[in-house]
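Quick one: this structure, given as structure tokens, is what I'll be asking you about.
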Amino acid sequence: MITLQKGPVHIGGITLHNHLILAAGVLGTTGASLGRMLRLGAGGVVTKSIGPEPKAGHSGPCLIPLNGGLLNAMGLPNPSRDYLDEITHLRDEPVIISIFGGTPEEFGEVASWFADTAVGFELNLSCPHAEGYGAAIGADPAIVRACTEEVAAYGIPTWVKLTPNVTDIGVIGRAAEEGGASAIVAVNTVRGMRISIDLRRPVLGNRFGGISGPMIFPIALRCVYDLYDACSLPIIGCGGVSSAEDVIEMMMAGASAVQIGSAVYDDIAIFEQIAASLYADDGLAADEIVGCAHA
Amino acid sequence: MHDGMPVVVTVREIIDETPTIRTIRFDHPFSIRPGQFCMVWAPGVDEIPMGYSSPDTITVQRVGEATAALTSLAVGDRLGIRGPFGNGFSPEGRLLAIAGGVGVAPLYPLAAAGVVETFILGARTAEELTFATPLAALADLRIATDDGTAGYHGFVTGIIDEEIDLSSYDTICVCGPEMMMKGILDRLDAAGIAGRGQFSLHRYMKCGVGVCGSCSIDPDGLRVCKDGPVFTGDQILNSEFGVYSRDASGRKKRP
Amino acid sequence: MITLQKGPVHIGGITLHNHLILAAGVLGTTGASLGRMLRLGAGGVVTKSIGPEPKAGHSGPCLIPLNGGLLNAMGLPNPSRDYLDEITHLRDEPVIISIFGGTPEEFGEVASWFADTAVGFELNLSCPHAEGYGAAIGADPAIVRACTEEVAAYGIPTWVKLTPNVTDIGVIGRAAEEGGASAIVAVNTVRGMRISIDLRRPVLGNRFGGISGPMIFPIALRCVYDLYDACSLPIIGCGGVSSAEDVIEMMMAGASAVQIGSAVYDDIAIFEQIAASLYADDGLAADEIVGCAHA
Amino acid sequence: MHDGMPVVVTVREIIDETPTIRTIRFDHPFSIRPGQFCMVWAPGVDEIPMGYSSPDTITVQRVGEATAALTSLAVGDRLGIRGPFGNGFSPEGRLLAIAGGVGVAPLYPLAAAGVVETFILGARTAEELTFATPLAALADLRIATDDGTAGYHGFVTGIIDEEIDLSSYDTICVCGPEMMMKGILDRLDAAGIAGRGQFSLHRYMKCGVGVCGSCSIDPDGLRVCKDGPVFTGDQILNSEFGVYSRDASGRKKRP
């Protein structure tokens, strides 16, 4: 197996402890939880997506494990501005604030609360299951560009996270690039649902949800590959990563780093697990393999 | 990741325990360890965590919308169950169980297994006492009611202070209102035996399987659904336990 | 488990032996293969997609099994007009001719060859990996409508098969409906790829491909559910169906019948297997459950 | 469906068998039954079916682009292997193996296993004979060359007619050009023992795992990759075998 050099990673304006970042919304409700994931080996962490108003989220069931993945419709629960308190003790750590909103102005408003302290923002333009939020916005290049501009104006590294549920993800990636994004995160969950045949109704409280975990890995990989051709921004691969091999494969598709979410389901120590086989003293520089499958 | 779709069960029996608490028996037993819980899906309403009061029952107190739906179920109705989840209790040696209100539910399987020596059961008033009759046959049962309508007049902590030598027990399993549990933790801590306490915590849960983070507790980020719901006293000393918790949005609130 | 009544099924103008149809491109290269699948219990069969010119397809690897699915980029190999010979001996059977083309006229040309003998057409507007064909066409409502009109003009039942790789599948479904489709087939494969990390290159000869099999079931189900709301045509669910439960779940989402492709990988007798648990003498009429999860 | 990504192997040895045939040895043995095949990925070129000539070798005749790429590999080069696939031979009793040209490849593991009594090896000319030396030590080897440069002067069917009592064998395993195999099937059929023949067929393959249908044969739709590649004579009597096959597009062509 190919291994990589250990050491701090600089990507999209943010310095991470390693290439493995905790994905937004997974164990990110509290600062303590983010701190735990950093202690457990995450190279950086993304918070739960924070919006302009507190939200309780959808009624349950909110998350159902499937064979090879998770199906969720949390409904973007978040404490809004109160979240500032969660992360004050993590000021020196690579904590990236995930933001969602219904308009560019809302994105800007949330960003303003964190502008003094955040090391970086990630724009959730992609949540596929929150009415009026998320994917509706993330599928329109003009809005993607406007939201990115609004937040990038704070002069803090701004990552834009894309939905795979669009006809052409390259177009959306280019819109983020034009809006001033410093990196692209690809991807959020894939639209899906399941029905309880015994109860004759969708199993999620919200009926629809998003699929994550290994079953979306080949979909996410393809998005990263497409974006590597379409954009010149660094890409952070996300979707189904659960092994060191997956990390290498994402990098060969074009990712400079990865995010990991659902894999904590099987093992909360997944970051250490992956790092143990990913890094070695005689490892390659990531640069040597990022995008090499395009040759 | 493996199929974790809710198992749809049919209600086989409904037992009125108290004016606000009902036990619901399914047609399907689960393979549980005492203290484990499930996510109960009241179709069209919500999915909420519930301890197993036996392999095929939950015991529900009506407090809001979802529990109202569950306590209104009739025999033959169907609901979805995901679980069992969580660690459950780790009984060892002489065991004292302390329950407040519906907190008796997850402790009952311990008593049913015959491993509880002394069981302290507290409730607001006599008619809210749950499982008192069977418990009397399974353990040395001590009862406390806030209003003195049965047993000791006062809180369970009162019984403990007056009648119980905590340090004579190897394991003290506790479930009930958080302030009650905090009172017991303080006493164990004072006696230098916080580690013997096993507390079944309640926190807002969305996924139940350790992914979403909504049940994480400060300051270590332990997940009540996966790392718990049962924690030893020393795990939760100097934590948010007894001080605050979070609501569905993640905002802090008093316990 | 819910069971269904046995007996012929009428859907989108075509009479099938049961609700389980062999999906396009799977064991459909030869008439003999289609005949075998009918003998093995398929209620109807869809041919390999036939185009205006013979094509050899992409160079290999063309198909890679994954955990929970298949990744393929066959490249629409087909003998074009010569295919007529393959199916003459199946004249009385529910053999549906799958057509692809680069323009509405090409769809019409291929349809004309089969217009005298076919019991129905299925338009492959959705293949995600054939340059200039397929998804490029299937993502544009105007072209979908035009292709459908062109073929529907032959007065033979015309099913339109959609790609899940679009922002809003309902829009495409409505375009097919306006074009005169008699049923919608949802869905074709989901865009994806894998990379061989040892060889540092995409594992498919075509680099990209389409994912099928159980891993896309929740995605396909969601598309069927959306289309049931968006259109009034009957829907044939396709994607990851591999058990009687899956069939019931697809029906509850809104499918009147299903197509099965990748499941032949594990068991070529899958149609009989599913039928054995799906049908019973005291089974329900499918009508009673089709779309019931929308209540 | 389980991970079937190509296993990437490194070429450890290259053996020139004849001017057009090379054996390629990998650093990774596969667990095969004689007669099974793999899909060999020549990176950047194509993926094509190849019989295993041993657990860690394929033996390739250069006929076109992909085989040219494979026969140009050097030690240390890498290629991808999916497999083993297909049923392989089912040897039983007295076994006669009949190979034409590179068709010897999938039959060789049978001989290596010591189960072949008589091995008839045919080739166009002496220098195209493959594995003759090791085969001579493993079985009663009979050689035929079209041009008479070695052994019997003529086709393998000539040897059979002149030297072999087919009905004295329980199993007759055959691989080679289709017209040669057809000649043998005709003889077995005439002797009323078509069922003793086991023929390893070649058809255009894309997936190798029984899904795409490109290798299906008329009239029963049997898949050479999954139901075969080895068929008994009675399975392919009255089939397209020896009459036609299909190319990559599915169009029929003469064999």
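Per-chain residue numbering starts at 1, and chain names A, B, C and D are given in the order in which the chains are listed.
To be clear about the criterion, contacts are C-beta pairs under 8 Å (C-beta built on N, C-alpha and C of every residue); 3 or more make two chains touch, one makes a residue touch a chain.
To keep track of the chains, here are their UniProt names: A, C = Dihydroorotate dehydrogenase.
Here the structure is a predicted model, which means the values were calculated and not measured.
Minimum number of contact steps separating chain B from chain D: 3.
Averaging Cα coordinates per chain places chain A and chain C 33 Å apart. The mean-CA centres of chain B and chain C are about 51 angstrom from one another, to the nearest whole unit.
Centre-to-centre separation of chain A and chain B, using mean CA positions: 35 Å.
Of all residues in chain A, those touching 2 or more other chains are 66-69, 194, 201, 214, listed in ascending order. Viewed as a network of touching protein chains, the structure reduces to a simple linear path. Each chain pair that touches appears in this list: A-B, A-C, C-D. Residues of chain B that touch chain A in their complex: 1-6, 8, 39, 41, 43-48, 78, 80, 82, 206-214, 216-223, 226, 246-252.
For chain C in complex with chain A, the residues that touch the partner chain are 1-2, 66-69, 71, 139, 165-167, 190-195, 197, 200-202, 207-208, 211, 214-215, 218-219, 221-222, 225, 245, 248-249, 252-253, 289, 292-293, 295.
Of all residues in chain A, only 25-37, 48, 54-57, 59-70, 72, 74, 77-80, 82-83, 85-86, 194, 196, 198-199, 201, 203, 205, 213-214, 261-262, 264-266, 268 touch chain B in the complex they form.
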